[in-house]
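Note that subunit A is present in both complexes that follow, paired respectively with subunit B and with subunit C.
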Partner chain A sequence: MGDETTTSLRNFFIFNPTLGTKEGEELKKILYYHPVTDHVDVQIKNVGLVEGIINFTGTFGVSSDITSLHTQKTRQIFLEAEKNFWMVMILNVPMTTKVKDGVSSPEYLEGAIQDKVYQSVLRQAYFIYRLFWNTFQNTTNKDGVDALKTRLEIFYSAYLKSLKLAHADILNIFSGIQYLPLDKLTFLKVQCLINGLECDYPQVTHTAFLYNDHLIWSSVEPSDMQVLYHYLISTLLPANLEVELQGGSMQRHSTSPFSALRHGRFVTGPSNLKNAKTTGKVPRIYTFSGPTASCYHLIVYRVLSASLCLFVKAEKELDIDFFRKFDSYISPKLTSLVSDIAEYCSKQVSSPSNVPENAPKFIYFNKFNLAYKSTVHLDNKQSGNVTISDEQLKIIADLNTNGSSIEDSTETVVKTLNDYWVVAKTSNYREFYIVEQQRNAHLIDISKDIKTICETELKGIFFQPI
Partner chain B sequence: MSYLDVEPGAAGESLLLTTDTNATFDNQYMSSSLEEIKNEIEPSETEDSNNESISNVTTYEENSSPMSVDNEDHEDRIQDKKWALMDKHIFVLSLAGKPIYSRYGNEDKLAWLFGVMQTLVSFIQSNDDNLISISAGGINFVFSIKKPLILVAVSRKQESVQQLQNQLNYIYNQIASMLTTSKLIKIYEQRQNYDLRRLLTGVERLINHLLDFAEAEPAFLLGAVQCLSLSSSKRSNISSAIISSCSKIKNIVFAILLANNKLITLVRMKKYSLHPSDLHLIFNLVQSTESFKTVESWAPICLPRFDSSGFLYGYVSYLSEDCQACLLLLTVERDAFHTLKEAKQRIVEKLRRNNCLEAINESLAKPDVNCAESGFLEVRHYLYKSKSTAQFYQPSVSPPYNKYGQVLTDLYKRLHQGLHCSARPLKLFFERRANEAIFAWDTVGFELYIIFEPLVETGNVVAIITRLLNWMKEREDNLFHLQVPTF
Partner chain C sequence: MAASDYYLELTANPLRFEAGNQLTNVFFDDSNKQVFSVRSGGVMGVVVKGLNELDKPLNFRMEDRGPVLSIKFSLDLKILAVHRTNSSVEFMNFNGVSLEEEYSQSCKKNHKILGFVWTLENEVAFITDHGVELYKVISDKKSLKQLKTLSHSLQWFVWCPVNKIALLASAHGSQLQPIYFKTGTVGKLSRVESMPCKMALERDITLGTLYGTPAFLILRHQSGPQTAEVHIHELSGPGQAPVKTHILKLGMSGRFAINIVDNLILVHHQASRSSQIFDIALPGESDGIVKYHTAVGPAKSFKPASLTVPGLDDNQMQPCELYSPNWVVFQPNIVIDAKLGCLWHINLCLPNLCSVISDLVTCTRLLLRRSEGKIVLLNVLLMRIRQKEPPLEKIREAFNYINREYRTWLEIVLQNQTASPAHDPIRSKPIANGNIIIVDQIEIFNEIFLKLDEESEINKLEWVLIAYLTSLFEYDIKALQNMNELLVTTLVRRQKFTSLQQLLQYGVIADSKTLACILLSLGNIYEAGTQLALDMLSRLNAEEEIQEILLSQGQILTAMKLSPDKKNLRKFLQAAQDSNDEQIFHTVLYYFKNHPTHNAAFKRDSRLDGFIHYYNSLFQDK
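Right, the complex of A and B next:
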C-alpha cells in the first residue's frame, strides 16, 4: 500500500440544453462550471457526454431525474433538478497504489463511492440554493439567464468549498432532523411561549424552536424544515457560535457577568440593538410545500443554547423598532424557559463515559417526521468523527440501498469479513441499524441483543413484531 | 458458527478447476494447454486448421429466424415501445461499432444505437478512462470492453452490475468458443470494419439459449456444476468403462457424460482440468442443439478457460435410444471421428452390461427429493456449493416456488450479491421478510443459501443448518462426484 486518495470533487456544473441548441453555441448551455480552470473545450465535452448518456438511456424509456455514470476513475451524478436544468457532480474515485513485483500501479476503489449517498449530496446542494434564490426557472423568467449565472456563481463558489465529500454517509441519505424529546410540562411551556408569540406578533406566520442542534418545535412543513434545519446547524449557527466565542458581537452592558448571558440577541438582524440604525442582514428564504413558492424573512433569535426562528412574510417591511420590541418581549420569557430545558436535559443525558466502549452502536430514522438519532456519529459536522469503522458505516448505507422497497418490515443480519455484525430493521417507515462491536458472537446472541436494544432504546416506538 | 466442521462434498482433489466465482472476472485464460498436448506427440499443427473449422461450425447450425419487421410506422412505434421496455437487452458490437448481436430486434435497424454505444465507450476512453456502468431509474446499463468486442447489457431485473458483468463474460466466452480468441483478435487486426456476423451464424441461437439458461440455472450464479445422483460404485463403473474403452486412443483430453443439465462423470487427461464455466458452455451447446439427439456429430469447440487460442474437436452423441445421456469426447485430433465413434459403441456396450444405463435412467426418472420429503419442514429450498470441488446440490423445487421460478431466482441473486459484493463482501446474510426468511453463508469450504419459511425462529435456523449439512454429508457419495478419474 502506498499513496491513497479520498473521494474528491472533480467537476460541478449546471446546464440547460435548450439554451444553446445550435451547433457552435454549446457554451451558452452552461450556467455554472467548476473549476473555471477547465478549458472551454473540456467544459463543452463534459456537458456533451452528459447529454449523450441521457439520450442513450432515454432510448430505453428511462424516466428518472437522477442518473449515475460509473467509470473506472470517476463517478458522475446527473440530476435534472428542474425541467431541462441539469446539475452534474463529478467525483474522483478514491485510489490506492498497489505495489506488485516492484511495479506500482494505481487501483481505483469503485465500491468506496455509494451512489445513493452522493445523489443525496447533490440534491441537497440544489435544495439549499433554492432555499435562498427560488427556482432556476423563476430567476430565468424574472431576471434573465445572466442573473441566474451570477447567482449560481456567488452561491456555489462558496458552497462547494463547504462540501465534506470524503465523510458523506448514511446521514446524507436520511437528511434527517434531530429532535429533543421533552417531558410534558416543559414541552407545554414551549408551546405556550410560541402560541403567545404568534398571537402577539401576527406578522410571524411560522416559528421553529431549537435547543443546541435539536429541534423542539416547528410549524414549518417537514420538507422545508429539513432543508432549513441543515442550513441552520451546519452553517448559520456554527458560524455564529464562532463569533460568540471570539466575544465579538456580545452585548456587555451589565455589571454582572451572568446577566449578559441571560440576554438574547439576533443571529440574523441587527447585531447591536442599542446603537443600530438599520435592521441588519435578514435573509430571505423560500418554502415550497405550498402550491407556489412563498418568500419569508428569516429572523433567528438566540438565548444561550436555544434558537428561535421566526418566519415573516417577505412583503412585510421590517424596521428596527420591531426588533427592539421583540427583544424586550421575548428575552425574559425565553431565558427562563431555556433554563427549564437545560435543567431537564441535564437529568436525562447519559454521558458517553458510562456507556461501555463495546456497547452496540445504532442509527435510527423515521421517514414520517424525518427524525434521526445516532450513537455512531459523535457530532453532526460530518467530520468523520464516528464510533464505528468506515466499512461498517458503508455497510449500513448498502443495507439501506439494497433494502427492498416493497417489503414493509424486514430484519437483516449480516456478518462482515472481520466478524462484526450489522443489523438493519425496517418497519412501518422506520429504519433502525445496529452495529455490534462484539466479535465472534453467535447468530442467536445477536438476535437476542437486537430485542434488548429495541426495548431499551426504542421503547414506545411502534415496531411491527416480525 | 465456525464450530461446524461438516463439509459435504469436499475433496482434496477436484474433478473441476476450482476458482472463486469472482475470479471469473479477471479472465485468466490458459492459452498453452493445447500446444502442450499437441507438442507431446505431434509437434507441428498449422494455423490453417482454425480457418477450416470455422466453416465446420455451420454443420450443426439450425435456422435462426430473423425477426420479421413490420413496415407500417404505427406498428413500428408500438414495437419500439415494447422493445425499449424489454427486461434485459444484450448487445455485442465491435470496437469500431459494427453490430454483431442484439437479443431483441434487428441489428441493422439498430445500427444507430450500436453507433451511440461505441461513441460513449470511445469518448470515455479518449479521457484515459473506462466506461463501466450507468444506472438510472432502476435500470442498469453495464459495459464490458473485451478487445476486440464491446458487450452491453441493459437490465431492468434485480441484478447487480457484477452479476451482469458475469453474464457478459459468458457471452464473450460463447463467441470465443466458436472462433477462438486468437482468431477473433486476428480478424479485427486485419479489418477493423469486419462484419463478424458472417462467421457467427448459429451463434445467435446459442447466445439466446445461454441467456435464458443462465437465468434459470443456479449453476451460473454459483460457478459450479450439479451432478446426477448416482451411487459412487455405479459412477465409478461408468468412469472406468469410459477409461478402458478409450485407453488405446491418443489425445482424448476430456470425456464428459451428462444428462438433464447434470454431470454424470468427467474423465480427464492427467494434468488438465476443466473450469466450470467451460463446462457450462458445453451444457449450453448440448441443451440448445436438438440435432445431437438424432445424429452423432463432430464439432470444433474452443473452451476459453482451458485454452482460448485453439479448438478441441468434439464427438457428441447421446448414449442410446433408451438412455438420454449425452457423451462428449474431446480431443485435439481433427480427424478422429471414426475412432471415437467406435469408442462410444464400446462404452455403451460396457455400460449396458454393467446395468449402468438402467441406473442412469432410474436416477433421471426419479426426481430429487424436496425439502419436506427429507424432513426439513421449515426449509423451502436451498443451494449448497462445495468450494473445493466446484459442485453444488439443490433439492427439487417445491411449492410455492414450483410455479414461480423467477421469485426463487431473484431471491438467490439477492443472497449471492449480498455475500459477494466486490467492494464489501460478507460472511453471512440473514434476512426476514414478509414472505420468507433468506439465509446465505460463505465459509472456507462451502457456500450455503437457504430459503426458510418466514416464521422460522433464529434459534432453529442454526439447528436446521447443522442437520442439513449432516444430511448431505451422509449422502455425499451420491450427490457429488468425489473421484477424479483420469485417462
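Right, the complex of A and C next:
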C-alpha cells in the first residue's frame, strides 16, 4: 500500500475584480488569501486564473453561474458571495498510490469530492463571516477596503483552521437544525418563560432556547437561526464547555455556600458577576431575514445544559447592572425549567447508539424549519463518526443533488454492489434518506422495510403515500 | 373619595326604627332578624320591623307587666315570647294583628333565666344559670310541655340561630361548652379547647358558619406588646367536636367586632376606625394543625355613610358616625346603631377589595370563593393583563387556580353524564361545596381574549393565550377549538410564522379542518403553510382534502396513490389535462384504460370521451 491523502485545503481566497482593473494593480483585487506563505506572484497568478475562467465562461451566457472547476489534482469551488465579491476554495483531491509491477503511481480520487457538499462549506464560511461582520459591501462602503481586508484576515485565518473538510457530507448541504422532541406542556412552559422575559425585558427583541445541541425555541427566522445555530453548537458552546471543565467558572461558587445553588452564568457577557466592572465580551451579530440587515448584541446565558440566547438591538447600551438583574431574574426560573426538560428527556432515551447495529439508518430533513434528524451521524461535530460507509454517504449527497424539486413526491432506490440499498424519498418539502443492508433482498422487501420505517419515523406529518 | 379608600360599605337604605330612650326599649332578635321597639313596656305599642322590606311593620299593644328583658317571636311568627323576670317567660299567641291572652312558664326553682331561644317553630329553650330547659309550646292549649333538661352551670351564653348551637360560658368565660339542639332534644358537644388563665367576654365570641362548617370565633386579647388574635374553632372534628384550625393575626389591640360576609371574616377595630378582612381559605403559615392568617389587604374604614333627616325646608343629609360606640353587630352582616335607630347591612365591594390586594394570585383565590366573584375576577384579570408590564407568571398561576376548579367541575359533569343514561343536559354550573365559582373556557374567551382586540394589545393577547393554554394542559383539559383558532390568527396577525410553526410542531395547537384551511390560505404569504396544512390533514385522515391540495399543486400521481378506489376518473383526468404535461396525461389515461373496472367506466360515462379525444389530438402525430 502506498501513501494516502484526504481532502485538504490548498487555497482559499476572496477577491473583487473591480478593485484593480488596471494592469499592475492585480494585488489590489485580492481581499484575502490563504495561505500567506504563497508568494505574491503566485497569489496574483492563482487569482488571475480564476478570474479568467469566470470571465471566459461568462461569455457563454449560460443560465447558471460557474460553480466549480475540476482538475486532476485540485478542485476549485467558486462562489460569488456578493456582487463582484468572489470566494474561491481550492481543494487537494485525495490521492492513493498504487503500486503496479513495482512502479508506484499516484491515483487521484476525483469522485471523493462532491461539488455540492463543498459549495455548501464555502457558503457556510461566508454566512458565518456575515453573521459577525455584515456584508463585504457594507464594510467597504462604511469603513473602506482596508478595514475589510483586516476583518477578513482576522476572521478567516482562525476559521479556516476549524474547517473539517475531510468529513464534509450531506449535513453540510442541509446545514440543518436539530430540534429537541418535547411534550407540549414542557414546550409551553418554555414559551411562557420566553414570553415573560420578552414582557419584562422589552429590549430583548428575539430569543432562542437550546438544550444541549438541540433547539427548542427560536423567534429568529430559520434562515438566520441556521447560521447562528452552527456557530453556537460548533464553536461557542463547546469552547465554553471546556472552560467550565477546567473549573473556570467554579471560582464564584466558592465565595459563598449559597451561591452554589445558582447554576446560571453568562457565556457571552461578564464571566464573574460579582467582581466584574465591565460587561465583558458580547458579540454583535447581524440577521438578514428582514428587509435590511439588523444588528444585535448576542447574549448567551447558560444554566446546566440549557442555553438561552438573547438578541438585544445593538443601539441599546448594555451595562453590568442589566446583567446582574437579568441573572437574578432568570436563574431560578430557568433552573426549575431545565430540570423539567431534563426529566422529560431522561424518559425518552433514544440515541443512535442503542439502535441495533444492522437496523436501517436514516436522515430526515425539512426544508421549511430546517429540522434534520440523523441516525447516521453519531454526533454533530463532523468528526466522521458515522454508522454507514463513506460511499453510502456520498450516494445520499448525490441523490440530493439529483432531486431538483422537493415539492413533488419522488422516490429513488439505489442498490450498491455490496448489497446496500440507499433510498431517497421526497415529499411535501421534506427529504428522507434510508440506508439498509440486506443480502439477496428483492425490491419488494426493501419497499416493505421502507414503509415500516416511514410509518414509525414520519408519524404525524404528511409524507407521500406508499 | 377614591374607590380604593374603602372596600366595605353600609347599605344605602338602612332599616330605621324608633331609637331607644327612657320610654322606649329596643330589642333585636337575630333569629328572625327583627327589631322590636317597645314603648312603655308595650302599653304604648310594640313596633316590629323585619329586614324584608316588603314586610309591613307589625304593630300591636301588650300589657305592661314590668320591664322587658328580651322579646322574641317564634320562628313562624305565631307566638310572642317576652322575658321579664328571672324565673319565667310569658307567651302570647299572635294572629297577625293582636295578641291573645298571656300564659307563662317558670323555670326550675332557684334557677335564674339568663335568656331564651326559639330552637324550632314551637320549641323554646330557657337557658338558666344551671343549664338548659327545653319546652314544647302547645299554643292551642296555651301551655308548655317540658321536653328535656340539661344541667351545666354557666354565667352567660351565645346563640347561633343558623346552626342551632349555643356556647355556654362558665368560670368567667375560660370554659366554653357548646351544646346543640335538635327536634325535641339538646345535647353537649366536646368542650372548646381552653387556654389557661384566658377569660373571654361575651362580646368577644362570635358564632357563625365558614365555608359550610359551623365555627366559633374567639377574640383573644394579649397582654404587653403583642396584638390581639382571633382563634377559630371549627366544628369539624368527629361528632362535631370543635377544633382550633385558624388564627387570625390582627396586628392591633383594643375593642373589636366581627362579621362574616360571604365567608370572609370582617374584623372591625373601633380605636382606629378601620376594618380588616380575612379569608381562611387562603394559604397561611401553618404549624401542621393551625394556620396563621394575616389580613388580605390593608385595613380600611367603611365608606362614609349618611342619613336623610327631615329638615325644615328639605330633607338633609347627615353623615353617620362610623365605628360609633353605639354600634352593635349581629351575624352575619348586620350593624345596628341603637341611638340613631338604624340597622344596616354590610356590603362588600369586591372590586375595591381587589384593587388593594396587590398579588394577583391571592386576589384570584379570594374571588374564586366569592359568590359574586366571577365578573370581578374576569375584570381584574383583564385589567392586570392590560397594564403596562403584565405579570405573566402571576397570570399563569391565576389561570392554574381557575382551571383547577374547572377541571374538578368537568369531572363532576362527566360522572353525572355517565351515571344518568337519560342524558339530562347539565348546563348550569353547580355552586359547588365551599362556594367555588367555575370560570370556563368560553367565559375566559369572551370576557378576556375577545376584549384584547386592539392592535396595541395583540402581543399581550398572544402571551396570555399561551399562558392560558399552558394552564389548561397542566390540568389536562382539552382546549376549545376557537382558542386554537384565535392563537393561530393572532400569530398570523403578528407575522410570527416561526412561532406558529413551532407551536404546531410541538402539538400545542390541536388539529382541525378549519385550522388546516387557515394554514392553507397562508400559503401565499408563508410558504410552509401548505406543508403544515397537509400535515394536519394527514393527522385528521382527511384524504379527500389532501387529494384536492395535491391536485391543485399538480401532483396528480401522488393524489391518485392516495385514493384507494380512484372512482372519480374525471377529476384525475381533468387535472392531468390541466397540467399540460403530456406524459402525465398519458400515464393517467393508460392507467385507467388498462384497469378492467375503470375501463368499463369509459364505456358507461360519455363525459369521459372528451379525454380520449384530447389524447388523440395530443398523440396522433407521434
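Miscellaneous remarks
Heads up, the rule we're going with is that the second predicted complex is superposed on the first by the 443 of 466 C-alpha atoms of A that agree within 3 Å, B and C clash if a C-alpha of one lies under 4 Å from a C-alpha of the other, contacts with A are read in each partner's own complex, and residues count from 1 in each chain.
As a convention for this text, a residue touches a chain if its C-beta (ideal position, glycine included) is under 8 Å from a C-beta of that chain, and two chains touch if they have at least 3 such contacts.
Just so you know, these numbers come straight off a predicted model, no measurement behind them.
Contacts of A:53 after superposition on the shared chain: subunit B is touched, whereas subunit C is not. When the two complexes are overlaid on their common chain A, residue A:222 makes contact with subunit C while staying clear of subunit B. In the superposed model, A:280 lies in contact with neither subunit B nor subunit C. In the superposition on chain A, A:17 contacts neither subunit B nor subunit C. By the touch criterion defined above, A:417 lies against subunit B but remains apart from subunit C after alignment on the C-alpha atoms of chain A. By the touch criterion defined above, A:409 reaches both subunit B and subunit C.
Of the two partner chains placed around the shared chain by superposition, subunit C is the only one that A:188 touches, whereas subunit B remains out of contact.
Contacts of A:384 after superposition on the shared chain: neither subunit B nor subunit C is touched. For subunit A, the partner that touches more of its residues is B, with subunit B and subunit C as the two candidates.
Residues common to the contacts of subunit A with subunit B and with subunit C across the two structures: 407-409, 466. The touching residues of subunit C, counted against subunit A in their complex, run 389-390, 392-393, 396, 462-463, 466-467, 469-470, 473-474, 496, 498-499, 501-503, 505-508, 527-528, 531, 534-535, 537-539, 546, 553, 555, 557-558, 561-562.
Within the complex formed with subunit A, the residues of subunit B that make contact are 1, 81, 84-85, 89, 113, 116-117, 119-120, 123-124, 128-139, 141, 154, 161, 414, 417-418, 421-434, 458-459, 461-462. On subunit A, the positions that touch subunit B within their shared complex are 49, 52-53, 55-57, 59-64, 66-74, 109-112, 115, 391, 394-395, 398, 402, 404, 407-417, 419, 442-444, 447, 466. Against subunit C, in their complex, subunit A makes its touches with residues 179, 182-185, 187-189, 191-192, 195-196, 198-200, 217-222, 366, 368-369, 371, 407-409, 427-430, 460-466.
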